[in-house]
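Below is one structure, written out as structure tokens; the observations come after it.
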Amino acid sequence: MSANNPSDLPVVSDRLAHNAMRNVNERIIEALLFAAAAVSVLTTIGIVYVLVSESIHFFQHVSIVDFLTDTQWTPLFDDAHFGIMVLVSGTVVSSLVALLVAVPMGTIIAIYLSEFANAKLREIAKPILELLGGIPTIVFGYFALLMVTPLLQKFLPWLPGFSLLSAGLVMGIMIVPYIASLSEDAMRAVPMSLREGSYAMGATRLYTALHVVVPAAFSGLAASYILAISRAVGETMILAVAAGMQPNLTWNPTEPAATITSYIVQVALGDLPHGSIGYQTIFAAGLTLILITLMFNILGQWLRRRFRENY
Amino acid sequence: MQIHDTPTLKAEARNLNFFYGEAKALKGINMPIYDKKVTALIGPSGCGKSTYLRSFNRMHDLYPGNRYEGEIRFFPDNTNLLASDVDPIEVRMRIGMVFQKPNPFPKSIYENVAYGLRVRGENNKRVLDDKVEHALKGAAIWDEVKDRLQEMAPNLSGGQQQRLCIARALATDPELLLFDEPTSALDPIATGAIEELVHELKKRVTILIVTHNMQQAARVSDYTAYMYLGELIEFGKTDEIFIKPQDKRTEDYITGRMG
Amino acid sequence: MQNNSLTTEQIRALIAKGKLKDTIFKAMGVFCLALALLVIVLLVADMVIKGSERFTVDFFLNFASRRAAQAGILSAWVGSLLVMLVTAFAAVPIGVAAGVYLEEYAKRNWITEIIEINITNLAAVPSIVYGLLALGIFVYQFGFGQSILSAGLTLALLILPIVIVSTREAIRAIPAMIREGSMAVGATRWQTCRYHIIPYAMPGILTGVIIGLARAIGETAPIITIGALTFIAFLPPVPYTTGADGVTAGLFDWVMSPFTVMPIQIFNWTSRPDPAFEVNAAAAGFVLMAMVLSMNAVAIYLRYKMRKNIKW
């Protein structure tokens, strides 16, 4: 028998062929898995593409200066005005109200759970917060319009049926779980030795929490606040239901006003032809929204780098 | 031995037992701590020396399930530090502690040292400035940091951090200073500086120090206690313990036959 | 300088003050937690009480109607379920595959880094922006129209970060020895993933998927944005049945059907001035809450069990 004859080595060659097949299979699978991971990048590219391309059409009709400085937002009127600040004001006011509720409440809950509560209470409290965070925003909108507004009207009889105030308050409640759980994680990551150092000096729990744990976990707290801002700015349904949808340039939370997001909903509910200027406004509004959230995200990254945990 | 060398008592453990839940970690310890002296606690890992040290400032009260029995008498007022009606915070205000790993707070150098004073409600800038400077000098770190008191403390080197932590403990004029293996995370040079400092500090304050390092115990302490499996095996003057230990187990440990 | 140390009385007063502050803070903490609980309880109680008269079989089997008392949520809950079906079919394979890739295959390079940063940032993108994306791409570019398919894919993109992150966390919790053990007997990377990593990570992945779907089923804004109708008085075609128009539906015709979902139905009823529709909104809100909360409860329970059971 000659060793040069391939058929003399069936086992080895079979195995090699098999291995080669295996290799090809592995490559194909890896490529598929990579494609799945790339979907998230495609999503981002898609978002940027859609917002920018439609906005370009929009800005061919409306100058950026007018967009930023006009004090009226009446895109569907004959005398159309496109002052985005009108919508931005509603977004800013409602977000501020929400943050005034969510930041203190979320931080207090986080400090309480991380520094005071025992394991048992934490086991009960965390699911409650998760359930609160899981309530659909439309249900929160119902809550704001039909429960919180009437309640507020008992104290402020002149409060209109739609207001940034009641929508903002409920948005605040909605955001509490995000701040509480992220901040608590950050504080629990602070090493015990720092706390012991403080207790050994005769500090109380609260003093230790506020003067050692909070500063040590600051970057985590900042991250949770930034996420809260993104949530507040991007929240839609609570505002669409409870804040009214007429554009109103105001800094007064007790007035009704449209926000960037509720304007988009309002237009989408109607039947605007694809490609019309009215259709393009929602992409310009969306672009503004994403730029605002992006700004806060960059600020968040910067804060995190600036105050990286150094314990 | 000189007759006039009878030191005053600063603290005394009397029949001290300690339990982590069900586990008994300290067994019937009786031991004096002498005023303005350095007492070293030595023994193999897990012998209870840190547990014993942390009983003095009631650190065990921070965690659920821990329990003390017996007394630690504190002089001159003869208070039982472990009594249930004695507030652990009050105890900690009288007794300072320096930890195994330097644990500066994420604050400026100045604020780290001022921390204990602020805890005590002191907010007068002049008083704070004075005391911070005094404490930093006392911890032999003043010259290195006096021009950058507002810098973040965690940026200091390990040895500097540990001396800063000593300054932090000194700033409130503690009556007793607890050191829990203060040099185990440091290099030999930084260790030397801390040892020198301990030697210097005993003029002002009573010191109780846990150490893994027998040479260190021999170098810095006046008295040494050898602990094993939660028991106090032997206590005496450092020279005597190291030269002629009474107990076989102490001798084995010191001569390196066990450890 | 040493002489201004405090007297015992001063120290005790100081401690008493500090402890009082501790107590006040504890009360504030309990109060805030109680408030959170109160909101949930009030909300559920209100919807149950107000909506109780609508908890009938008819409510679930009727289409929307101009008359509040006869209106039901049939098209809404069927729509929600079908949209979730599409969402799950799209998000689960893509999300799990992406998670497996990032944990088991990805090399540490700039491409991986971009993907990771991107996933983190996508989680902070407002949901309505996904609606705009879908309006531009799915509805018009791909021509899917205002269909169940468009809505399902939109929500799939929305929850993709949740599925990816939970997959990665679940995989990371598997000790290296399992991987090494499988590789050591000659398994390829994919065989290791398929027969070991993915099965062991399954409970964690499942938890993430359920949480993601619970979020998706309550989402309103992106679906309104793609132009879902608020008034639908028919169901998507059942495969292989013949409709009134005499056309027999194919297996997948339903995905191209117009639809409405629960949150949009609630929105529609909530925004009507007639208080009779409030009752419908309350009842439908309760049904939606029950769906979302029970999904969340299942996820929380799964995670709790996982923590108890798994001991490597």
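Should a chain be cited, it is by its letter among A, B and C, assigned in written order, with residues numbered from 1 in that chain.
FYI, a contact is a pair of C-beta atoms (placed from the backbone, for glycine too) under 8 Å apart; a residue touches a chain by one contact, two chains touch by 3 or more.
Computed from a predicted structure; not experimentally measured.
Chains that touch both chain A and chain C: B. Of the two interfaces, B-C and A-B, the higher number of touching C-beta pairs belongs to A-B. Think of the whole protein's Cα atoms as having one middle point; the chain whose own Cα middle lies nearest to it is A. Using the mean of the Cα atoms as each chain's centre, the chain most removed from chain C is B. Centre-to-centre separation between chain A and chain C, using Cα means, comes to 14 Å. Between chain B and chain C, the centres computed from C-alpha atoms are 53 Å apart. Each chain gets a centre from the mean of its Cα atoms; for chain A and chain B, those two points are 49 Å apart. Within chain A, the positions touching two or more other chains are listed as 203-204, 207.
The residues of chain B that reach two or more other chains are 89-90, 93, 120, listed in rising order. Within chain C, contacts with two or more other chains are made by residues 15, 18-19. Partner chain A is touched in their complex by these residues of chain B: 57, 59, 62, 64, 89-90, 92-93, 96-97, 99, 101, 103-107, 115-116, 118-120, 152, 154-155, 165, 168-169, 172. Residues 1-2, 4-6, 8, 11-12, 14-15, 18-19 of chain C touch chain B in their complex.
Interface residues of chain B facing chain C in the complex, by the touch rule stated above, are 87, 89-90, 93, 120-121, 127, 130-131, 134, 173.
On chain A, the positions that touch chain B within their shared complex are 118, 191, 193-204, 207, 211-212, 215-216, 218, 309-311. For chain C in complex with chain A, the touching residues are 15, 18-19, 21-22, 25-26, 28-30, 32-33, 35-37, 39-40, 42-43, 46-47, 93-95, 97-98, 100-102, 105-106, 114-115, 118-119, 121-122, 124-133, 135-137, 140, 157, 160-161, 164, 188-190, 211, 214-215, 217-221, 224-227, 230, 263, 266-267, 270-271, 278, 281-282, 285, 288-289, 292-293, 296-297, 300.
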